[in-house]
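The first chain written gets the first letter, and so on, giving A, B, C, D, E and F; residue counts start at 1 in each chain.
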Amino acid sequence: MALVPLIEYDAASPAVRAVYDDIMATRKVPAVNNFWKALANDPANLARVWADVKSVMGAGALDPLVKELLYVAVSVTNNCEYCIHSHAAAARGKGMTPAMFDELLAVVALANATNRLANGYRIDVDAQFRDPVPR
Amino acid sequence: MALVPLIEYDAASPAVRAVYDDIMATRKVPAVNNFWKALANDPANLARVWADVKSVMGAGALDPLVKELLYVAVSVTNNCEYCIHSHAAAARGKGMTPAMFDELLAVVALANATNRLANGYRIDVDAQFRDPVPR
Amino acid sequence: MALVPLIEYDAASPAVRAVYDDIMATRKVPAVNNFWKALANDPANLARVWADVKSVMGAGALDPLVKELLYVAVSVTNNCEYCIHSHAAAARGKGMTPAMFDELLAVVALANATNRLANGYRIDVDAQFRDPVPR
Amino acid sequence: MALVPLIEYDAASPAVRAVYDDIMATRKVPAVNNFWKALANDPANLARVWADVKSVMGAGALDPLVKELLYVAVSVTNNCEYCIHSHAAAARGKGMTPAMFDELLAVVALANATNRLANGYRIDVDAQFRDPVPR
Amino acid sequence: MALVPLIEYDAASPAVRAVYDDIMATRKVPAVNNFWKALANDPANLARVWADVKSVMGAGALDPLVKELLYVAVSVTNNCEYCIHSHAAAARGKGMTPAMFDELLAVVALANATNRLANGYRIDVDAQFRDPVPR
Amino acid sequence: MALVPLIEYDAASPAVRAVYDDIMATRKVPAVNNFWKALANDPANLARVWADVKSVMGAGALDPLVKELLYVAVSVTNNCEYCIHSHAAAARGKGMTPAMFDELLAVVALANATNRLANGYRIDVDAQFRDPVPR
């Protein structure tokens, strides 16, 4: 029950098609998923978000699979149904096994629990954790 | 400004000391951090939470460093000051470089952004993401 | 799959009808939406919430459309499906164009992202932002 | 570092003083706490919020102590420092023992954990939980 | 649309069956609900979460019904559909009346509102709330 | 207690200085605030986030002041202390009066409350809100 129509490739403007083409080429997929078809209602935002995703999720200091796992962990914490499904699929495509997904959820559950214990007891940060971190 | 006194080792009951000893031995640290000293006001919860942490964060399908990164990602999303500091320190102890921390935050920020785009536009999950995942 | 039955006008008590009547008169609509029909199971809460909505969302220092936009921004951040749909409709009724909705979501996404960067890096508030604000 | 000055009784308008007087009389306290002194910058909101608090938190189907515990549970989940401190104090005033506070936090932690397991696995609600609830 | 298959009793391993048996015996129910059937894909997590639930939600300083109410309050704040349905059902089984549920939601709504007022105005915690709490 | 050092202009690389220069020129301010000095530890993210902020927060279908109000509303909902202070200051610079800030917080509080009522009662979206929205 999307609040906006999904823009299919054939009906897209040249600017939107250019983003779709880059998504498909970068990800080696034959079509873009609904997220992009919804964002295409706002071509400037489509281009901006895709540029961010391409830049942030690509190769870097962290493994691409690890980045997808982080994405799933945030999406589960926020309860974004669409994002859980799409990024779990992306993570599986990059090698996430069922056992890895199970462990991810166990960590996310534990972190959400202990976050509330630390906040609820208002525990002061230990001095050694406050030390400046050299760069 | 903790809501509870911190229970130091010397003042702890034998049951609490046993948990402290296991934490120090498992983590190879000379003392437990404030989180555990606060939880020790409720020895049953202290033992339970430590058992969970020991079980979930140990070796498994995911690398221990990856688990710490996931912990930080959740803690940043929830804004748990104590947990960000303590788990960022744990992650550094397991090899997280400054560049990895920067990338982690970039992923967390991006995921928090796109979570709201997907939820705000109420985007329907693509059929291919809904397919049963074989185990 | 509401947890409570929806109370229709014909089945409502006089006290509930009085609130329904005021909602319909104030909003110039021929019927109340499901939110109120669910709240009507608790007439005291129905009256209280409607009084708050009527008081807060009416004319004041902020334009009524701006208030609806703020409502949508909060509802998207919290992922309240019902509230996104109902307040997006209310905002459209007060003049929100598709371009305004798109921009709203872009701002909400950006704010959710930078909130995590500021919290994740634990950035100290600049002195000039802490200055007392004259009233 | 409040964003607004705190309005003390002596400097308050008659309308604000009337609310302060009612708070002090209802709660049998010699002064109002900072929350109300901050809200007093917006007298209409002060009156509205106090009316809501007085109405919701008073005697009803739930014990006043239980209501305070619920308030603390929500505040811990949302990490509202002010609210945790002020409502934990209110709960202690109504009989919350240290053991009750510890258990409350254990429940809040557990619920925050299992909320993410249910959302992360996208578990379908059982048919028997969806049955209409007779009123 | 669960991301994992539900493990029915007949198809479960002995280790999983042992947990199911304990859940059914403890709760006096003829079958386990979907939450456990989903968790059973990760038997270690199933055993751990059930041990936590059994330990935390049982008899203690707080009444079991109060604990279920707290669970619902957290689940509503986080918008966990599964948890709201399942724990509201559990609470009804322990004596929650419709009026109690209505009041619970009114308190949860109020706390979520005032949490934002306190955080938005950045109200400083009163000195008397910061006093150490004797144990 | 930032987790990273703040990069001052004099110590910044040419790439970072170029972003700082653009921020100062665009905003007509003599220095950048701490948010940017922290992000500068990751020059690629600094450039990306600034490009997003410049693009999203500039002139468009929504008034720049309205965008700042939306930013504050999200930041209050998420409890980002840094963002509340910095964007409240930005909003004041664009014309937000104290009365407007008060009303904003009243709307944010109300939306956070009714979000939980709608989610807690699991209220179904009305058919008329689900109608496709023409573009």
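Operating definition for what follows: a residue touches a chain if its C-beta (ideal position, glycine included) is under 8 Å from a C-beta of that chain, and two chains touch if they have at least 3 such contacts.
Small disclaimer: the values here were computed from a predicted structure and weren't measured.
For chain pairs D-E and B-D, the one joined by more C-beta pairs in contact is D-E.
Averaging Cα atoms per chain gives one point for each, and the point farthest from that of chain C is the centre of B.
Ranking all chains by how far their C-alpha centres lie from the centre of chain E, first place goes to F. Superposing the C-alpha atoms of chain A onto chain F requires a rotation of 180 degrees, rounded to the nearest 5. Legend: contact pairs of C-F compared by residue number with C-E, D-E or E-F; the interface matching in over half of them is D-E.
With centres set at the average Cα position, the gap from chain B to chain C is 34 Å.
Here the CA centre of chain A is 19 Å from the CA centre of chain B. Taking each chain's centre as the average of its CA atoms, chain A and chain E sit 27 Å apart. Among the residues of chain F, those in touch with two or more other chains are 1, 3-4, 41, 45, 48-49, 52, 56, 77-81, 84-85, 88, 98-99, 102-103, 105-106, 108-110, 112-115, 117, 119-122, 125, 130, 133, 135. On chain E, the positions that touch chain A within their shared complex are 3-4, 41-42, 45, 48-49, 78-80. Within the complex formed with chain C, the chain B residues making contact are 72, 76-77, 79, 81, 84-85, 105, 108-110, 112-117, 119-122.
Partner chain D is touched in their complex by these residues of chain E: 1-4, 33-35, 38-39, 45, 49, 52-53, 56-57, 60-62, 66-67, 69-71, 73-75, 77-78, 80-83, 85-89, 92, 97-100, 102-104, 106-108, 110-115, 117-126, 128-130, 133, 135. On chain C, the positions that touch chain D within their shared complex are 1, 3-5, 41, 44, 48, 51-52, 55-56, 125, 130, 132-133, 135.
Remark: chain A residues 79, 84-85, 88, 98-99, 101-103, 105-106, 109 touch chain E in the complex.
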